[in-house]
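Note that the chains are named A, B, C and D in the order they appear, and that numbering of residues resets to 1 at the start of each chain.
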Amino acid sequence: MDYSLETSVIGILAMKPVCLVTGVGPGTGRAIVERFSKQYVVAMLARKEDRLARFVSEIDNTHAYPCDVAVPQQLTTTLETVRSELGHPAVVIHNAVGGAFGEYLDIDRETLQKNFDVNVLAMLQLAQEVTPHMIEQGQGAFICTGNTSAFRGSANFSGFAPTKAAQRILAESMARAAGPKGVHVAYVAIDAVINLEWTRKRFKDKPDDFFCEPGDIAEHVWQVAHQAKSAWTFESVIRPFGEKW
Amino acid sequence: MDYSLETSVIGILAMKPVCLVTGVGPGTGRAIVERFSKQYVVAMLARKEDRLARFVSEIDNTHAYPCDVAVPQQLTTTLETVRSELGHPAVVIHNAVGGAFGEYLDIDRETLQKNFDVNVLAMLQLAQEVTPHMIEQGQGAFICTGNTSAFRGSANFSGFAPTKAAQRILAESMARAAGPKGVHVAYVAIDAVINLEWTRKRFKDKPDDFFCEPGDIAEHVWQVAHQAKSAWTFESVIRPFGEKW
Amino acid sequence: MDYSLETSVIGILAMKPVCLVTGVGPGTGRAIVERFSKQYVVAMLARKEDRLARFVSEIDNTHAYPCDVAVPQQLTTTLETVRSELGHPAVVIHNAVGGAFGEYLDIDRETLQKNFDVNVLAMLQLAQEVTPHMIEQGQGAFICTGNTSAFRGSANFSGFAPTKAAQRILAESMARAAGPKGVHVAYVAIDAVINLEWTRKRFKDKPDDFFCEPGDIAEHVWQVAHQAKSAWTFESVIRPFGEKW
Amino acid sequence: MDYSLETSVIGILAMKPVCLVTGVGPGTGRAIVERFSKQYVVAMLARKEDRLARFVSEIDNTHAYPCDVAVPQQLTTTLETVRSELGHPAVVIHNAVGGAFGEYLDIDRETLQKNFDVNVLAMLQLAQEVTPHMIEQGQGAFICTGNTSAFRGSANFSGFAPTKAAQRILAESMARAAGPKGVHVAYVAIDAVINLEWTRKRFKDKPDDFFCEPGDIAEHVWQVAHQAKSAWTFESVIRPFGEKW
């Protein structure tokens, strides 16, 4: 490999701002990556290495960082690599999510803990590692994606909703601390079924209108990440027009 | 004047969609008008005829319709005129607002009623007159601007907060009814002091950062009005980055 | 009639504190009256004179004051009569309610206004007339009964929910102003179908468990009205144990 | 000791229903214990053995079960002991709490985890162990005490508020699952400074009125635990009358 070429490519990449997205799967995560890749270099974090590799080959300006964000040392090492290869992220989107169904008598403690690890502790660690540089710059955006479990404890979501509620309140606490320092923390909740291969199978009889398009969610996240500093929103709840709520 | 030319100008105007804004004063109202005037023909409603006339001379694609929206017959007549001169509005923004300070023992019934007239009854009438055509088209946006009084009854806002809460809940009820028919109803609340001549005087010691810029609010309203149908938001709360909340 | 006896009876009654209840019908209103009549002299306000007369004959310590609370002069006159006959109320419960069904395109302005008159303006007037004496005493309770429309604008409640939301926020504003002066303002919302003759007919197939008992609501209102001053609640939402929410 | 006497005492105790309270310290916990001890046999759980022993000597009908509720095996063993010595609890109050101050950049992961252990995981375990018997009986109450951190992520509560929000949403999820089976789950939040030795020192200049009395909180918890089944409340927020909110 021609080292000087490699260097200059990295040099060019480095001129674009860096966006880091966790939980990059085939739905919202990938759509967010696609949207940001038009103007950012995007670091994609997820556990599935092969899928990330495929995304790199399909979407320009993206880089794969296989990583389990719930494992502190892995996340730390990965973030170091991202910083040294691409630079400090200007925008970070925590889209990784651990979920589970079940009433409180049917779930086990480990399930609740595991979801807390991914949804809350990983977000805290991520914020602690990436926002100090944003604060130094006096700008940056840290956005977390969520859903209605962040607001409501339905009977069948005992192993999940508490962790999303914790996540949202942690984001709110971060927003109040980081906002005056120029860093925008926001929470984007999707109150709908997202249009994915498996959801289309599960909700076979539903029309297109029933689903929230990943690309449209990504556009909303993009807008939130680029709001003018005098008019930020913290919370958004997204629904398709036909949704019953 | 060459009448045929006038006709053709109207003809051209008519090809742009129509946006109607109530409560067009020098702050948020004017900023919204400016933002939409870039791609819409804008009908401006407000009581002050001379101010509207000045705005018409300063901003292209705008038309003045002096009107007290709290007077049902005036509003009906004005809407008829707008429709015949410009066409059916595709976007309507209810920005007119009646306000008052005072604890419940210090306000009078008439104050609360007057604010209900402007904030709630006028919005209902407006929605009843403009959304049926939007529903026929299967698209359109009806956005109301508000503030934190819509969520919170502070001691000193007894004559105002109840009417904003009523307004927000009416908008929510409208959103649920009109959404599935393709019409987007949304509520944009500003939780901050807006940068205006009189607010700068009143909050003399505050830095620029303290204020919410009308232009940035307008940009947010624009984005909400143009969200993809699969990813609408109903409610936004806007704050400048340094706001304590 | 032996006049001196009558006087002495009034004298004895006057030693009990006075409770005033608006909207005394056969359900929650009557149950509240029954609960409070055990330790209070109760002034019952409602439009139906004959029904109130029957309640007087059936429940000790109650007095009928036929009155349309939405008519300011009637309410003022009635409150004067109550004060002169029974004394200043120590507890006031605004249970009168104006309701309506319908989406925003199907209701008319007058419906929304009428419900605002009863639910909001009458409550403001009532508070303005009865709480100054409570404030002088440094104690008293003003409780309003509501339902989930106070929190949520469902599609079919456009003519009602906005007025309940306004009522709740007015009560909140009153609570913040009157609380530090020793007067407890509270909002008790019932999120359920109440067990009444007509609701049993309408929900014929539902078991007893489905319904909220007026007597149990009344007991809750009683408890709220008598909470220790160091531990007040502003808001309660009541549901039967089997309610889906 | 006369064994037969001991047996008969236990026999008598056993006729009273059992109430179990976690986190029994000198404030709210002790007050709740005192209130319930009038009609229940009370099992007190807390880490400080000597303090519990003192409470046993000072308050009739109480029993000490030193235990760290955040340690699963300890909690399980303790609950087994309570059941074998006193019987199945009819009322359980989760008052144990892990707290911490600090913005998100100043707390560490372990702090957030530790508070999650006490506030959320211990509550889940407790509910899983005690409510199945309540469900069999078709009655029982499970109440959790909280504070405004359950609703709001203030900047300085990053290590605490997320866990209280998770706790409240878990309680809500439990309430929806257990309610229809006759078991009342409720959340009682105190939005005030509680009158304790250390809070009086810290807020030296504040009048008595500023503080929420543990005894009054306990009375409220008692009322919630004994609400009629047709009129339950899930959530209460308690404040002293002079509180600014």
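Here is the rule we go by: contacts are C-beta pairs under 8 Å (C-beta built on N, C-alpha and C of every residue); 3 or more make two chains touch, one makes a residue touch a chain.
None of the values given here were measured: they were computed from a predicted structure.
Between chain A and chain C, the least number of touching-chain steps is 2. Judged by contacting C-beta pairs, the busier of the interfaces A-D and A-B is A-D.
Two copies of one chain, chain B and chain C, form a contact in which over half of the residue numbers belong to both partners.
Chain B and chain D have centres, each the mean of its CA atoms, that are 49 Å apart. Separating the CA-averaged centres of chain A and chain D is a span of 36 Å.
A straight line joining the Cα centres of chain A and chain B is 33 Å long. Annotation for chain B: residues 176 touch two or more other chains.
The touch graph of these protein chains is a ring, one cycle where each chain has exactly two neighbours.
Contacting chain pairs in the structure are A-B, A-D, B-C, C-D. Within the complex formed with chain D, the residues of chain A that make contact are 72, 103-105, 107, 109, 112-113, 116, 120-121, 124-125, 127-128, 131-132, 149, 152-158, 161-178. Interface residues of chain D facing chain C in the complex, by the touch rule stated above, are 176, 179-180, 182, 184, 195, 209, 211-213, 215-217, 219-220, 223, 227-245.
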